[in-house]
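One structure follows; several queries about it will come next.
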Amino acid sequence: MTSNFTAWEMDKIYFNIIESLIFAADEPISASEITKAIKDIDGEDIDINNKDVDDTVNQLNERYKESESSYEIVRIANGYSYATKPEFSKYLGYLSTEKSKRRLSQAALETLAIIAYKQPITKPEIETLRGVNSDYMINTLLEKNLITIKGRAETIGRPLLYSTTEEFLKYFGLNNLEDLPKPREIEEIMKDADFIEQRNRIMMNALEEQLENEVDIEDMEEEDDENAVE
Amino acid sequence: MYKIRLQQFEGPLDLLLFFIKRDELDIYDIPISYITKEFISYVALIKQLDLEAAGDFILMASTLMQIKVRMLLPRETDDKGEEIDPRADLVKALLEYKRYKEMTEELALMESNQRKRQFRGYYDADEKEAPPEFDALLKNITLFDLMKAFRKVLEERPKGNVHQIRKINVSIEQQIDFISEKIEAGKSVKFFELVKDMREKIRIVVTFIALLEMVKMGKLGLRESINFNDFELYSLGNG
Amino acid sequence: MTSNFTAWEMDKIYFNIIESLIFAADEPISASEITKAIKDIDGEDIDINNKDVDDTVNQLNERYKESESSYEIVRIANGYSYATKPEFSKYLGYLSTEKSKRRLSQAALETLAIIAYKQPITKPEIETLRGVNSDYMINTLLEKNLITIKGRAETIGRPLLYSTTEEFLKYFGLNNLEDLPKPREIEEIMKDADFIEQRNRIMMNALEEQLENEVDIEDMEEEDDENAVE
């Protein structure tokens, strides 16, 4: 009497599985990906189809509406995804701004690193090292008070010299500039990382084989010992 | 039956602990000759393979042999005149190591538990409103930055038939309309995005002038983009 | 007559704003970041503090429990984050073959345990405790952002000091370093005669890991074996 769908609908567990799959997926996930995931894990005979998934999504959204959730499931790009409701967009916008303000971009970091290790240094020197115009980066770093102008070089044109600030030290938890990790120290940690890994793998395989052979023999000897004790 | 998996030996201390466990030895009364023999046969294996990692093991082997010799000699005494067990330092190191080995297991357990949880996977569907004017952000954008981004666009625009002479009908008014369309109220658009498909220098120039015009009219706001050389335009909504 | 807190509690909107902020933050977000966001947007005079946020999180989790949600808010890395409940891991594992990083190796965990408990700690100290060169492990942990460089020791040679990161807390599901289980005292280990029990624990661990990690490989190996036998 009960249709397959109703029978399935009773099965609360799939309700939750669908919810968690949409929640955790890296990309919008389609109904067929969801049914495939469930069938692959629980068996091909699980009675669930794309329509069931879509119905479940509607029911989930009903539930979120009832409980006045701040998010819901939306249908985008042939899939489902969670989205916070638009009325909160200004709070979320604020957060992402805060974050981008905090983050030093890779380019800024590169520039900062050059200044930190080569200070005092001129803009042309920085640009030679980076291979690109660095006006913007230098301005940004100046504004963030991570670097400062420390006089002028004696070379032609007397370009400005840049150095790092107290703020820079504080930002990276350093007492003074001598505390900066030395390139030699970095290299020591980084040295031949790939090589060591490769070598370890080869060593482990070879040794394991050899030891396993030996263990077989030892096992027999040990069994003899145990027999002797008992 | 002991299936030795070498991955589990993280070093000489680990190997010694393994022997102690395997043979149920008393850690405070390690039979030093026995364990040295076991250890050295293992080291021989490593040396045979001529491996760099053997160094740590060889060092331990020599420590063991040293202890073995000292065991045969009359005991040294400490300040209080008590005999020093030549194995004391080794036992201390083994216990300390064992302590962290136990915590390694705890960490492995926590790792397993945490792996059963997933964080939210996809965030792009969230609508994030452009924040209201935050001084700090706007301060980062100067007219000079604007010019620089503009120059970069000119440099990187799609290479096409640039030398082909064509008359391009484009007006500032048209481009104002174009920009207005692109940034409906509340939405924002990156400058590079805006001029991405423009192949003619003149069109980009006119668009740029239109943009400046709109800023002047208070129809348009600008802010720094995550990409430092780009910037974003957003509607001020009263246009 | 009503206390400030009650007045605030009535304000359903912040309930939802807190929910949306945690839901939309792609890293654990702290109570103070939440209150700051709300005050910066809605005004300094908004009566909300970190305790209110924490209470709200408890109430939200109550709600999720009642509605049998597949996720909840966890306290992790000094903040709040949504995460799926462990019982759905089976299905989610299927989803994210790519994302699910490999487990840390035994050696990496060992090095990490030492750094976690002894931080800040130098490389020589780590190597004394482990009895092996640890360049590669330190490099790996740095690359994975599980540890970081935190200044220098005042000892001879002024070696670099290493500490764990926020990512470390997140990876192990810890809210802060106090949540780490306490290591046994040496005396306790000394009293603990039964190394046999220890060994069993280690073997169980190894077994579990084998089952979890090497299923694919062993499946293939077993097939090979079977083929060989047949």
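By written order: A, B and C. Residues from 1 in each chain.
We adopt the following convention: contacts are C-beta pairs under 8 Å (C-beta built on N, C-alpha and C of every residue); 3 or more make two chains touch, one makes a residue touch a chain.
Fair warning: this is a prediction, and the values are worked out from it, not measured in the lab.
The most distant chain from chain B is C, comparing centres defined as mean Cα coordinates. Of the two interfaces, A-B and B-C, the higher number of touching C-beta pairs belongs to B-C. The distance from the centre of chain A to the centre of chain C, each centre being the mean of the chain's C-alpha atoms, comes to 14 Å.
Taking the mean of the C-alpha atoms as each chain's centre, chain A and chain B sit 7 Å apart.
If you average the CA atoms of chain B and of chain C, the two centres end up 15 Å from each other. Counting partner chains per residue, chain B shows two or more touched chains at residues 5, 7, 53, 118-121, 126, 128. Under the contact definition stated at the top, the residues of chain C that touch 2 or more other chains are 23-24, 71, 82, 84-85, 92, 96, 99. Per the touch definition, chain C reaches chain A in the complex via residues 12, 16-17, 19-21, 23-25, 29, 33, 37-38, 40-41, 63, 67-71, 82, 84-85, 88, 90-92, 94-96, 98-99, 123, 135-136, 138-140, 142, 149-152, 158, 160. Touching chain C in their complex are the following residues of chain B: 5, 7-8, 10-14, 20-22, 24, 27-28, 53, 55-56, 60, 92-93, 95-108, 110-121, 123, 126, 128. Within the complex formed with chain A, the chain B residues making contact are 1-7, 45-46, 49, 51-53, 118-122, 124-132, 134, 136-137, 139-140, 145, 148, 224, 226, 228-229.
On the chain C side of its complex with chain B, the touching residues are 23-24, 26, 71, 74, 81-87, 89, 92, 96, 99-100, 103-107, 109-110, 112-114, 116-117, 128-133, 171-174, 181, 183-184, 186, 189-190, 195-196, 198-199, 201-202, 205-206, 208-209, 212.
Only residues 20, 23-28, 74, 76, 81-84, 86, 89-90, 92-94, 96-97, 100-101, 105, 107-108, 135-137, 139-140, 143, 199-200, 203-204, 206-208, 210-212, 215, 219 of chain A touch chain B when the two sit together in their complex.
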